[in-house]
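Heads up, the next two complexes both have subunit A, just with different partners, subunit B and then subunit C.
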Partner chain A sequence: MPTVGPRSGDAIFANVERVNAELFTLTYGAIVRQLLTDLEEVEEVNKQLDQMGYNIGTRLIDEFLAKANISRCVDFKETAEMIAKVGFKMFLGVTASVTNWDIEGTCCSVVLEENPLVDFVELPDTCQGLYYCNVLCGVIRGALEMVSMKTEVTWVRDVLRGDDSYELQVKLLKQVPEEYPYKDDE
Partner chain B sequence: MVLAHALRAKFRSCLEHFPLQSRAKEERKKAKPNRRTPSPRSEARGEILRPPPSPSSDGRRVQPLHHQQIRRLDLLQGRRFRCLRCQDYGSSGRMDTNDSLRVASLWHSMHAISQQLSPTVGCSGIELLEADTFDLHCFQSLTGTKFFVVCEPGTQHMEALLKVIYELYTDYVLKNPFYEMEMPIRCELFDLNLSQAVQKDRVALLGR
Partner chain C sequence: MLLSRVREERSLQAAGTRQRATPNGCATISRVKNRGPAGLDSASASAVEEEATKPEKMIVCIAVVGHQNNPLYIQSFTEADDALKLHHIVHCSLDVVDERVNNPKKSGPLLNETFLGLLYPTENYKVYGYLTNTKVKFILVTTDLDVKDADVRNFFRRFHAAYVDAVSNPFHVPGKKITSRTFAERVSTIVKAFGLSSAG
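Moving on to the complex of A and B:
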């Protein structure tokens, strides 16, 4: 087998099985509505969406690594580029870009040009504190945690809340290399 | 290191019980040097790790994979030293569950220690162990899960097989919502597809 480098998001997206976008939007909408009915508090729903995303992310990362043939990233900048260019393209079919790097290179913004989760959605006045797509924050956080990076992912701008685009802030808190349950006896 | 000595002794005594392993002493087993360009651990920055070139890239002379060549497959190991799955395919030297678990945890420890002992900087652990009577190929994903296969010496395309199995794992195990992470794998679809991957010439068909 010849040496293969990482595959582009477009190439992978073209090869995976796809599902109807409306079905996807409707399913996600149903989840959010049900959570609102069950939990009633908007903050609780935000937390629950994040937790759901986290569970998805911990499983999705292996799929991502297997299909995209990714090798270990050099630094967090490359990680963020991978998430935006390959990850989002591969799983959601959207292009994203990375901007607003801080000086240390540990915090950046991922801007989504489009967001299939929110097609046809409008937030009512009763749900003003809701981060409708909070599941995406959880997915990124969960996925990065499985590759030894503790991160904090929050929404900076959200079209459903009146802004002009979807912007996620991804902040690397620390690298946590794998712990082995023994100590050196020296 | 005291721990290394203790593990070596334990490994030697364990291996004496296993019919797979002849009386080959540990000194005769040599871990093949890491064929990848070394890269630092995740704490630091460093070179990008490229996948190693495959031993025979001549597509025309691919030999079909005989299932007898694979002795034992895939003690998957999670991030916390746990053996998640083990499958015997060979006709000789079947192990019971306890022995498999013991070997799995031994391997996990050896793999971890080899990373520390390695003379190359930023080694990611043993990839290939060649012994007189078997070869052991190991693949570690970036998430820390290890897949390894014990096979006849000189069996080709094991690394490609391990990649196929990694993809099967991501499909049939991780996408099963009722599978709990880090728990032993009891997914029928996974078992089925795993057997197919091993028994058929799937490896020969990989053209990617």
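Moving on to the complex of A and C:
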């Protein structure tokens, strides 16, 4: 998709405040370690990371919309491009690409070549099955839910598990029309 | 590489040295307690065959020893026969390191991240030491009788970088052995590069 206006995210990335990448990586690593120690079950940790990501995403979307200064997306394809090009760039400093669209245009893959969360990380054998970056799934899910899209985000490929890149599958389940909190007749 | 290492570890076991088993079986370290009272533990290497294009100029063994002289990582790059001898050499060199640390010849600023230099020349081997500011020691045993100081410093610098990356892994427990495969690969790359560069 051709990028229009602030779609590239680079300009915004240049203007936002930065944090030291290693500090960020080590902090995230500490979170995952602590979760593993507390919960002990890899599946539980995956769920918890997703939930944490969800909480982050619901708040992050406002910052994203405020800083990115973009207009409403026409369709889900544009949404996915936004996430990959602008969102990831703004918050993680990496650009992702969108591939593998299905026929209806509701399911796509977001591919990350590099991922600052996993610098220096090697999964030990006791933690196979752990989706180390599961927080990213939650973030996307939470953010999209706040803009009325129910999605399902899962990992397809994960470098820590031996694949060559990070691939997220983002599937749009349904668009939820906005509900007004008050009933009409009150 | 990993498989032959495991085989060598088992042969070390048969040789009667005590072994400490690691969870995933790589980088098993056997301890040869020669000095009881000092409580020093030596780190012995698991042997990996390295093609000796120039057998005279080869790194025979490298070891990472923690600040309590506990072994963190050992790798030897030669045939298994010498393994016990290498144990002993590394072990004895730890004493020299402690001596140098406690009685610094030069004062003050040179104590941090010290390249300790030649620790222990024997008839066949030279042993070099490097101390990080967290008191982690890197020991290098080489058969190269003609090695340049700058090469060794360069080696240790790169080794230190690899070590730092390995230790930054959130799943690495400080004080436990380094089980990172990436680290092992990087180390063999550095060792090979050293062998080639000092072959001139």
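FYI, the second predicted complex is superposed on the first by the 172 of 186 C-alpha atoms of A that agree within 3 Å, B and C clash if a C-alpha of one lies under 4 Å from a C-alpha of the other, contacts with A are read in each partner's own complex, and residues count from 1 in each chain.
FYI, a contact is a pair of C-beta atoms (placed from the backbone, for glycine too) under 8 Å apart; a residue touches a chain by one contact, two chains touch by 3 or more.
This one's a predicted model, so the numbers in the text were calculated from it and none came from an experiment.
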So in the superposed three-chain picture, is A:I83 touching just subunit B, just subunit C, both, or none of them (first/second/both/neither)?
neither
For A:V110, is the partner it touches subunit B (first), subunit C (second), both, or none of the two (neither)?
neither
So, A:F120: does it touch subunit B (first), subunit C (second), both, or neither?
second
Quick check for you: in the superposed arrangement, does A:E63 touch first (subunit B), second (subunit C), both or neither?
first
Looking at the overlay, does A:L136 come into contact with subunit B only (first), subunit C only (second), both, or neither?
neither
More subunit A residues in contact [subunit B versus subunit C]
B
Please work out whether A:L26 is in contact with subunit B alone, subunit C alone, both, or neither, and reply first, second, both or neither.
second
One more residue to check, A:L172. First (subunit B), second (subunit C), both or neither?
neither
Listed in rising order, the residues of subunit C that touch subunit A in the complex are 23-24, 165-166, 168-171, 179-182
So in the complex, which bits of subunit A are touching subunit C?
22, 25-26, 28-30, 32-33, 119-127
Any idea which subunit B residues touch subunit A in the complex?
1-3, 39, 41-43, 45-54, 57, 79-81, 112, 141-145, 157, 160, 163, 166-167, 169-171, 174-175, 181, 206, 208
Using the touch definition up top, name the residues of subunit A that touch subunit B in the complex.
1-5, 58-63, 65-67, 69-75, 146-149, 175, 177-178, 180-182, 184-186
